[in-house]
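Order of writing sets the chain letters: A, B, C, D and E. Residues in each chain are counted from 1.
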Amino acid sequence: MHRPMTTETFKLGYNDIHDDVIRSIVKTGPKYYIALATAGGTTLLCFFFPWFYQLYYGIGAAGMNHPGVWGTYLASFIFWIGLSHSGTLLSCVLHLTNSSWRKAMYRSAEAMTLFSLVVAATYVMVHVGRPWFIHWAVPYPNQMELWPNFRSPLMFDVMAIATYITGSTIFIYMGSIPDFAAVRDRTSGWRNTMYTLLSLGWRGTDKEWHRLHWAYTFLAVLIIPLAVSVHSIVSWDFAMSIVPSLHQTIFAPYFVVGAIYSGTAGIVTVMFVLRKSMGFEQYITKLHFDNLGKLLLVLSLIWTYINGVELFTAWYSGTSEEYEALNYKLFGYYSWLYWEMIIFCAVLPMLMFSTRFRTSFVPMLILSIAINIGMYTERFLIIATSLSRQYLPDAWGTYVPSPVEISIMLGSFALFTTLFLVFVKIFPSVSMYEVKETMATPKMEPAAPAAGSPA
Amino acid sequence: MNISIVPALKVLRPAAMLVIVVLVGLVLGYWANATFVPGYSPEQPIAFSHKIHAGDNEIPCLYCHTQARRSPSAGVPAVSKCVGCHLEVATEKPQIRLLMSYWENREPIPWIKVHDLPDFVHFTHKRHVLANIECQTCHGPVETMDRITVSSRAVNGSAQVGKPWKMGLCLNCHRENEVVNGTDCWTCHK
Amino acid sequence: MPNIDRREFLKLVGAGGVSVGAGFMLREANKDPREYLIPHVLAPEDSSSGLSTWYNSVCSMCPAGCGISVRTYEGRAKKIEGNPSHPVSQGRLCSLGQAGLQALYNPDRLTAPMRRTGAGDSASFEEITWEQGLKQVGDRLDLLRAARRGNRVAFLTEGVRGHLAQLFESFMRQLGSPRLLHYDFDHPHTLYAANQQFFGENHLPYYDLQNTRLLLSFGADYLNNWISPVHHSLGFGESRHGRPDIRGRFVQIEPRMSMSGAAADEWIAAKPGTEGILALGLAHHIVAEGNYSGADRGAWVTALADYTPAAVAEQTGVPPTTITRLADSFVDTAPSLAIGGGAAGNHSNGVDTLVAVNVLNYLVGNIGQEGGLVFNPAPAGPALQQHRATYSTMLELAEAARQGEIDVLIINGTNPVFTLPPTAEFAQALAQIPLVVSLSSFLDETAALADVILPSHTYLESWGDDFPEPGVGFSVGAVSQPVVSPLYNTRGTGDIILDLARRMGSAEVMPWNSMEEFLKYGWRRIYQRGDPETLAQGFDAFWTSVLKAGAWGETSSGNTAFTLNPDVIAGIGVAPPEFSGSEEDYPFILHPYLSPNLHDGRGANLPWMQELPDPMTSVVYGSWVEINPETAEQMGLTEGDLVDIQSPHGQLQVPVYIYPAIMPNVVAMPIGQGHREYGRYAKDRGVNPIEILSPQIEPITGNLATSATRVSVTATGKRVKLVKTGGTSRDLGRDIVQTTGGLGVEVTSAADNSIPITEVTT
Amino acid sequence: MTSNVVGLFHDPESALTAAGQLKGAGFESLEIMSPVPIHGVEEVLGKKKSVIKNFTFMGALIGGISGFALAAGTAIAWPHPVGGRPIITMPPFLIITYELTILFGILATVLGFFISSRLPAFRNRVYVPESAVDKFVVTAPCDDAEHFKRAEAILNDAGAEQVREIGGSDL
Amino acid sequence: MSLFSRFMDGWRKYRKPGYYDEFDYHWTMTIDLDKCTGCEACVTACQAENNIPIVGEEEIAKGREMQWIRVERYWEGEYPNAKLSFIPMMCQHCDAAPCETVCPVGATYHNQDGLNTQIYNRCIGTRACAVYCPYEVRYFNYYDHEWDSPLEQQLNPEVTVRGKGVMEKCTFCIQRIREAKDVAKDDDRRRVQDGDVQPACVQSCPSKALVFGDRKDTESQVYQSMNDPRNYRVLDELNTDSSVFYLKKVDA
């Protein structure tokens, strides 16, 4: 399909969108079930089974050790939190700036946020030694009269992520109400019941649209600073320690940029898959890839810059602690991962200077996956290299992930996929009403719809 | 055409009611067990009655639980201590005969622990006894019990039979009496 | 209220009922599991629930004889600490001593008497009763004794002191057998011989580290396992910072830095086996400089004429300036002390070397001085040095066994199959003996070859006593009492021997029913040495007080007026060491040393000791070979490379550890691992360097010169991960261990300090 | 009994025109149902004011106060000194405050949305399913048949594709 | 109202740092590096006293050793001038401890004896404290440790056996301090006197390199020792304000 890349030239009617989107929900082929079964089975086998083994045996099932008490679980946690910064944050920013190209993709981007957060929150449970007492990190009145320690960066995390999950859920739900109403009218049986309840009796009156618009805008205003705070706080889990190469002021912006970077790359991946699998070629176009590509490129440059600054300050400090940590990062046990990260996240994205690259679907998919591999590596290295080279050389050590950890890491992708597969069958994965908004409104003369938006 | 969510709610009603009934049932069952099943009050190998000994005969607690004054653990009297009296007293009662059979076989009596604190708690009887805290403050009206039932001290200071000790209850007493370092975790947790 | 039809209502009622039940059961399942309060039948006298009871006893984990206090709680031993009133340990205790608990509670202890069935590889042990076991052994002994062939019985024991030793001797005398051997791998035979030769004393003097200001240690790892490490550590600490404005200085001379070398202010690498030559070099300088003015100066000048600094430097590899500096400060810094032992005493010239060390003490007048070397009085208890078995004695025993001269061998505690090199063929000799009886508590390599095992108590369950050797300058003794009731169906060694004595018809001569009884009998003599006040209180009071205090001592002193036998002087001299194997084929000298944690291997079955990082390398659970960094670089070896260590008598494969403080032509290996038996923690772990030692003998004592083997090192190309707890043992300028030039400390002149120990030729 | 007149339009302009005319004709409580928000409704049906921003503001305010109270209050309830810091440590507590400000702001916004848009609908309301797809619908309650006729005429004039009568809603 | 007034009371009281002056005791240890021989008797003493598990060879190979007190070794120079220094390293009981702030559930905090506590039963195992600790003296229970029977009979009843998922570290032998306070109370003494209590490591140290006591008691041995001109604190530049003072090695 080669369409010129402007929104105005959608040659589709409202009906077509309706049909396409609702078909994607209601009509379910065997391919979907195979995919769901595969993802679900993999989740069970690679995520829950090793996790339950770990619950039974102890964190020792993972590879963590004495200096390296944190490992891939936390790296995955940051990764998923980072991935979550794609959707809602991007969606909010684009909503407030009225970017119309956002509209075809934001629903799935927000879903990505939500499910990334769910996976990240699950990782908290996987990470801690005694998840059965995790509720102690939640403030609630109890007979012990004990409360969490709100001075801990980890508590900031608990509060921020709880808020973020709540906010993202509400945001994606609010945006979907009109679409639920649309689906409601086309379905029957249990689906009708479900969508009736989900749409809350939405009718699309002028008043409802008005209220929705304002509520949505306020939410967007609230969520942008929230999202920035969430990843800053995640960075503070590290930066508030005094571990050489973790104790850095630049960490908060570094993490936020990294999060948006990997999140945007994640969107590209998801867009590609949705486009292919759900038949959304008309809605997700080269325009989207082009715009996302530009964004990715900018983020890549900022990320590279911050990385360079980090290296420079460590080198310039001249202290043995910082210097050894730097040396270890660049040339130590994990150095091949470091250089892999640099190639994937700083060098390869330079290809996006080319418009042709940005508008090619498959190369963009490959690059987006490479960027996320690189970004995962980045999170892993932040933890592994820093903890391996701390203040007392005689306590230095190396951490190597165990099969259980790697399995859980892979399984978390399956978990995410499973959740996403369920999502596409419940939520209209393209926002119908917003896509309709971008299209030419029907004109007085039914037979001759003209180009241009309504006055 | 009219629309509202009521029909959908109606469709869901049976399911919703089932969920509600199950949840209420679970809570009710849990609560009923906690409230009406008398607290942990197991049948002991010998039906030793604190009511007869401490209540009717007014034997002081520390006569048998001699350790309480000088050791973290109050201690259970050795079988020889029981026999010391019961060679003379009430020798014909069946429970005393049971006691004597333990004694003659030189076997200890496997008493079942009723007041049991977790292993991570350091509780010392000695300090509490020396602070002149009545045994009943923590163990309830033992002198009225034929069979020992777990009990604790409620927040209002009264004995609550059937409810085991909880950290909050210890803490409450420590706060009320302004115990030195009484709210330091390491005072009680080891 | 909406209508509910009957069916739905019933459904709801059913669901409600089930969930109430589920909730009820949930609460039920959440209740704590039942626990029991098991009272005593009879209230015990000396323990009360919830309170600890401490018992004083004596440590038997090594021959130092430290007094210990054991904390017991409800009948179980919980912790071993040093006994503060015991003059040897003074409340302190080393790791191995503290790990004695794990000997008591070792999961691999022998729990009942056993008899071997089958032969060869299919051999296994079956459990028997004590009566069966004792009868089998007792009958045989009775038969031999009746036939006046008691000399066909041999008794091999670890070095024991006190009344147990006396009991063994009486027992063997009843049999009429001279074959009573006290064998310990690490017994310092050469030190005894050297002291006998120089001082005419047959027991060791007291080395007063506490008051010394300069200690020269020739190879003796006094802080780790030389004679009495805990006591030496106490002295070391006191000497360093126990006196106002005086800080003791410590110099260590050895080819591979030991723990004592690390603690010392100066570590000097002399070529292996030349420590005695170095000592005589120092002596030469002292005499030559006129710092010795005794009447026999002339004789010394003659005797030491060959040991000029230049000549000594040539032989030892120590620069002449260092020699003269050391000699001068040894004279100037009185009181000073020179000690020798360890590897220095385990060369072909061991006795001469240690005599040479004594010469130093003699020349500067350290003998009998505070801060020097003080003679001990004769031990108050039985002292039976004459039964100390050297390597040669063991060879004789093995030979006798092969000749069929031994019918019964009783083995107590010692593990010669592990601690003798295979060239001694001791295991094969055991196979020739019709009845080998082991009294071991563990199935070690030797016990595994026994025909009957009569497992003895561990020292925490049995009666005994000890008179530390060397003493602390006055008479000390202590009684070892059981602190817990026996865990298993085992018996005290003394009780077993007494029982066997009865069975062979010696009840009249050895009438005691138990070791406790025998001990009391023996201690009655010590009681009679007491002052009138003690005597007035009676023996029982005395006995109780000894048990309570955990130590007994009296103000006595050894020989104070020492005069040197002039004949000795002429015999002074140290020959160059002899090594087995040619330098071409075997370019390295093997320096085996006792593992700081496992001692001679006896600690290998204690998990704490296995898991305790080696102090110098932090390696746990294994063996390694230490190689100089430069040598390793030349050979292309890094840590973890597996190398073959080949001696003329064997070969071992072991990973490399790059050790910064070892001479380039020396490789060092710890002794202690490489057990083939001895329980789950010890078995099949690491290698035993004793296995490749050449049978090189120190001629005067007949002891094995353990440091006299040459080896070659070849890389195998294989690598293993050396399991260790440490990371990078370099400070990297982070100033973690900070040093200061000295505070209240006498610093030798700057010029002295600046002299580097220049290249050591190899 | 009231009924509602419902006119279905193909395009928003016609619908808006019809709504304007109905309003001019004295019809009240007009509603325009559309598949997308349409521009220009306010010019026709009058300015809308939403109370959501008040909810958001109050929610954020309450969230901020309760966030700080939670952090400081629990610290005072059982003071546990950590790291040599004061028991009431401003910087971290302000972060908690910040997060709870946003959380409560979000929740209050949703509440405000529900209240101001009168959702969820617990009573029957007039609805035309086509409006969710591609039709623009104008509805007005009619008291009687005459009313309805008038409205029908106006709607038809404005170009309604279809005019329906829908039974009165409960509201 | 009372809740509010309680809040205001606390508000007035707790806004400033510096609660050190209010410590009942201020337990302190000094370690004379010039006396330390590296013999590791302290390590075994600690293992025995505090029920520290045996983890086994495989676990140590994975880097999961358990030693509340460990002896670190630092080489200096090359052969033949190589020198080796030992430094015992355990929880420094910092008065400004980085580990305390990070625990989300308050399982580690500073008590009024100047001790850095670790409440095992409150720990949820985030391991953040171990990351934040610059001395790396916090050890995590990666699984439930088992003692080969009958080794479990040796376990100290006064110390909890830590289960999986729990962080643990040196407590300055809190059980001994608790007992000493108990004894002091019995004797009608109001305070624990110098020498009444020694942690297992101090008790066992053969060269008496370790000294322990109450810093508030200016007569105490530890007070004298920590004011020795040789005193320094490891990583003092991090401002952890630790309670373990080292005495410099003398290079003479």
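Rule of thumb we're sticking to: contacts are C-beta pairs under 8 Å (C-beta built on N, C-alpha and C of every residue); 3 or more make two chains touch, one makes a residue touch a chain.
Values in this document were obtained by computation on a predicted structure and should not be read as measured data.
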Set of chains adjacent to subunit B and to subunit E: A, C, D
Dominant interface by contact count, named by its two chains: C-E
Central chain (by mean CA position): E
Most remote chain, CA-based centroid, reference being subunit D: C
Greatest separation from subunit A - chain, by CA centre: C
Between subunit E and subunit A, distance of the C-alpha-averaged centres to the nearest whole Å: 42
Subunit C-subunit D separation of Cα centroids, rounded to whole Å: 87
Rounded Å distance between subunit A and subunit C, as computed from the means of their C-alpha atoms: 63
Inter-centroid spacing, subunit B versus subunit A (mean Cα positions, whole Å): 52
Per-residue multi-chain contacts in subunit B, two or more chains: 3-5
Touching two or more other chains - residue numbers and ranges from subunit A: 67, 145-149, 151-153, 155, 200-201, 203, 391-395, 397
For subunit E, residues contacting two or more additional chains: 65, 70, 72-74, 98, 101, 103, 106, 109, 122, 235
Chains grouped in pairs wherever the two touch, ordered by label: A-B, A-C, A-D, A-E, B-C, B-D, B-E, C-E, D-E
Footprint of subunit D on subunit E - complex, ascending: 6-7, 9-11, 13-20, 94-101, 103, 106, 108-110, 241
Of all residues in subunit B, those that touch subunit E in their complex: 118-120, 122, 124, 126-127, 130, 180-181, 184-187, 189-190
Residue ranges of subunit A touching subunit B (in the complex, touch as defined): 142-145, 192-194, 196-197, 200-201, 203
Residues of subunit D defined as touching subunit B within the complex: 78, 120-129, 166-167, 169-170
Complex contact set, residues of subunit C against subunit A: 618, 726-734, 736
